[in-house]
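In what follows, subunit A forms one complex with subunit B and a second complex with subunit C.
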Partner chain A sequence: MINVLKIVVACFVFCTGIYAHEGHNHQHPSTTTTTTQNNGQTTNHDNTLNNSQDHSTHDHSTHSHQGHDLAAHTDCGHDSHSEFKADETAFHHISDLNVYSIGPWNFPLPCILYSKDQGWSFFSSSKFDIDNHHHGSGNKAVDRYALNMGRVMRIIDASFPMGEVSVQGFTTAETEVDGKKKEINYVCANGQKYELEKTSSVDGGLFGGGFTSFYDFSITKNVFAMLLVIGFMSILFLGMASAYRRKPSTAPTGSQKLFEPIILFLQDEVAKPFIGAKYERFMPLLLAIFFFILSLNLFGQIPFFGGANVTGNLAVTMVLAIIVFIVVNLNGNKHYWEHILWMPGIPAWVKTLITPIEILGVFIKPVTLMLRLFANITAGHIVIIIFISLIFIFGKAGAEPGAAYGASVASVLLALFISAIELLVAFIQAYVFTLLTASYIGAATEEHHHPEKNHH
Partner chain B sequence: MNLLFIISWIEFSPIKPEVGLLFWSTVVFSIFWLVIGKLAFKPIIKALNDRSNTIQESLDAANRAKEEMKNLQSENERIMSEAREEKMRIIKEAKDAANSIVNDAKDKAKEEAQRITINAKNEIENAKMAALVDVKNQVGTMATDIAEKIIRRNLANDASHQEYVKKLVDEVKMN
Partner chain C sequence: MTGSIVAIGMGLAAIGAGIGVGTIGGKALEAIARQPEAIGDIRANMILTAALVEGAALIAILMAFLVK
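Presenting the complex of A and B:
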């Protein structure tokens, strides 16, 4: 129900954003694509598509820019009036970044980068000379790395000088590769456009990512939030454990009072009914999953604190899901594998149909865990950002302050409402993930002494 | 323009599982699961279960003690009521005994008094009779003497007269 609401609202706001965007485009009816510059400004170029096609047909490592130097000059030097785009703002805020943005300030984070050509590079992202006014883009490139909208990207061109190099800005062009639309980022330096490459991701090209020339092991915004929150939770739980050791027979105090009912709830209502007698072995995993997800969900909800979207990042939920997958299948007993590979008690020809479905199910279960958490948390963040963005959409980025004041009343109320729901969702998603993990472990470790009983 | 098209050209990076974040998530979660799990979650669960067992045992013990107290109380009440009955019985018996003793004593005293009275009466009677006999004899002797003296004067040893006097003395005794 909540999700349906979110999707409806998101669609509505996307369309609003697009409408504003199209309205802007009417001034340049001949344009086909849009490029974004450093300052969140948008400009339209008739020649961008041609440029992009040039890029896609060239071999990048031996690429020469002489063919479109002129175009590059016009791209980089161009300055146009700013326009607010809610969708980009939302996607920027839920992204993992190499800077930690709180309000107008961008706090630098350590960069740990590896590329096959250059090996390891360690430096603070402050070396990029972060521009505080525009979503954390760097005014400098360091060792062929550049900071574009808070993300470290690598300059592919081997002719680009190492060390610190001033850059003039960033542009984005859309191109078509094998029938798929693809966005390519460029950095402008020394009056030339250099193509940028994003960090490696393991989506296999499914969502436009894939393995590239470098790996970003930096302490990013998400990693920093994770270390901060999980470090805090660890100290909290270690303190609780020592309190239990020191005075085992006294009434609970402080954090014990807060967490004891949750731990007992997870033990008595989740672990015991779903796993059975062997529940105690899996309690550390279930508690770790629950408190990892819950604490990071709630941390991401804190307003004006960067809104770290950790549990709404597919990499994080993927790690959780893979660990659950490994634990479930390592603990699977004979009956579990028998039910998957050769279901007892049904005709042989049905077994040939059931077995592939069951084998698929083994993989689908963790995938649903991964996607459910990711989608819920990301959707929540987007909806709140979009509601706040309504102020800027209606105010046309400050051009119509009256409309902005009007919209702000409605959007604050709506954002407050969604925030309240998101608090609930933070608990529900942590609970659901833990519950399903317990049920999968339970199904894998269940003893079937009397199989006929289990059909009731 | 549909939604899917929008997503295809806007950078939607959270859906791309980046290698660095995968690495750090694995590290952080594994530490939280394995190290904190072993150092904190397990002792906490153990302490909670120990405590719940202790509480259950204490409750059971309290219930047992209560049951015992109840039994003890009813026993006490039984003993008390028995003692009360015993007391009543003893008092009653004592009263009865006292009454009988008093009555016996009264009867005995009465008898004794009666006996003493009768004895005294008898003695008085006997003494009176003896005295009377003595008096009669004296009176007889005196009378005889007197009469003898008179008669000596008149009759001197007349037997018929002495007999007649004796008869008269006997008649006096009749009185």
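Presenting the complex of A and C:
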């Protein structure tokens, strides 16, 4: 109980820390843009020291007003921070980035970019001169690539100079293209606005990106997290495998004690009942899928550790589902294909109805596998971020500190509660993915005896 | 997001999944109460069915996000 209290207090302290950090963010653009205003007020501040409380609130309101005015005039301010938007924050935090941020620190990652007219570009994302106060936007553009909110985007305009160019900021404008509202990002450099392409990624395309003129093969945050987890798991599992080989008949020790029951559970409760006699062939696949998903789910759950949302990325779950799709259909026996293409034991006219549905079912199975894992993990991350966002929603992004402190108590408790549920979901989703894989393989390799034929 | 019909769709999807998963959980508990020795089989099948039902709801919610 005392430990739980300690965790709650630690989370509370940390969240108020974030709150202070965000508040700083909010004021940062206006302090840089309205220096004259600041100077005037500083002298004013010296004269009336005992009026400082009134003064600071007044100070804030004029600041935000000034910032807004400036953004409206040139379309080139840091207007993304003038108002807190919970959905944008959530989508930013669940998306893949070209920089690994832990708290205020940004760790650069290698960028590997390709475009038809420019060829390959290799450089570290530290070349973008990442800003610590704006969620990893770059202060520089490199070879017509810019880092907007931690993601590499390409500047469409061919007149933009190559090499390193310092940029003033990023803006987003909503315009209507073919009757659809589209958000277009702009980068500001040399006092001018340049249009940016969307990020080049599979899920980026699904969320309104479409195809881009460049390809991003970078070691992104997700890829880095995946490599980290794969390295960790290789050490763990290869060590255990060699321990079993060296001493096959002794009692398990160390990590073997933890993993042997899990592996036996998967063998006895998942593989044997669903696949049947030939289960041993598929055990490596099932175990690999289970532990890969489980460890990445848990890695994404570590608070304040960058929150790499790997299994909540559509591209990752799609590759996993494609592997399952290939394995199931390569191992499908005669009965499996017969049941899909020409279902036995029913009238011919029903067969013509059933066959298209069964063929669709072959593709729908991996699609639901892909979407289930993606949606569960993404939903969990979004819910936690939205609960943390309550602090900023109630605090009006720095305008009402009292409400923010009040909301932080509730939101930390709610986020803690959801985190506990997400821990459960991490295990359940890894289990469900493995279970469904086993049941699809089982359905494809099952030997049918057709007892129902006797009735017809 | 305010005034969007998408929100209603997401709510309906959640209601459907809630009814489905609730029924599955309730029936599984009844079955376990009647036959406690079959808890392993019941649990495995319960989670499998619940995942299938939940999958439909999550696809609906995802679609709601995409058409937003």
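Keep this in mind: the second predicted complex is superposed on the first by the 361 of 456 C-alpha atoms of A that agree within 3 Å, B and C clash if a C-alpha of one lies under 4 Å from a C-alpha of the other, contacts with A are read in each partner's own complex, and residues count from 1 in each chain.
The rule we apply is simple: a contact is a pair of C-beta atoms (placed from the backbone, for glycine too) under 8 Å apart; a residue touches a chain by one contact, two chains touch by 3 or more.
All values reported here derive from a predicted model rather than from experimental measurement.
Once the two complexes are laid over each other on the shared chain, residue contacts for A:372 go to subunit C alone; subunit B is not touched.
In the superposition on chain A, A:359 makes contact with neither subunit B nor subunit C. When the two complexes are overlaid on their common chain A, residue A:158 makes contact with neither subunit B nor subunit C. Shared-chain residue A:102: touches no atom of subunit B or subunit C. Shared-chain residue A:432: touches subunit C; no touch with subunit B. Put simply, more of the residues of subunit A are touched by B, taking subunit B and subunit C as the two choices. In the superposition on chain A, A:424 makes contact with neither subunit B nor subunit C.
In the superposition on chain A, A:350 makes contact with neither subunit B nor subunit C.
Of the two partner chains, both subunit B and subunit C are touched by A:87.
Subunit A residues in contact with subunit B (one complex) as well as with subunit C (other complex) are 87, 207, 374. The touching residues of subunit A, counted against subunit C in their complex, run 87, 206-207, 269-270, 273, 368, 371-372, 374-376, 379, 428, 431-432, 435-436, 439. By the touch rule above, subunit B contacts subunit A in their complex via residues 1, 3, 5-6, 8-26, 28-34, 36-45, 47-48, 50-51, 54. Residues 11, 14, 18, 22, 87-88, 91-92, 94-96, 112, 149, 151, 174, 180-181, 183, 198-203, 207-209, 215-220, 222-223, 226-227, 230, 233-234, 237-238, 240-241, 244-245, 248-249, 260, 263-264, 267, 280, 283-285, 287-289, 291-292, 309, 312-316, 318-320, 323, 374, 378 of subunit A are the ones touching subunit B in the complex.
Considering their complex, residues 1, 40-41, 44, 47-48, 51-52, 54-55, 58-59, 61-62, 66 of subunit C touch subunit A.
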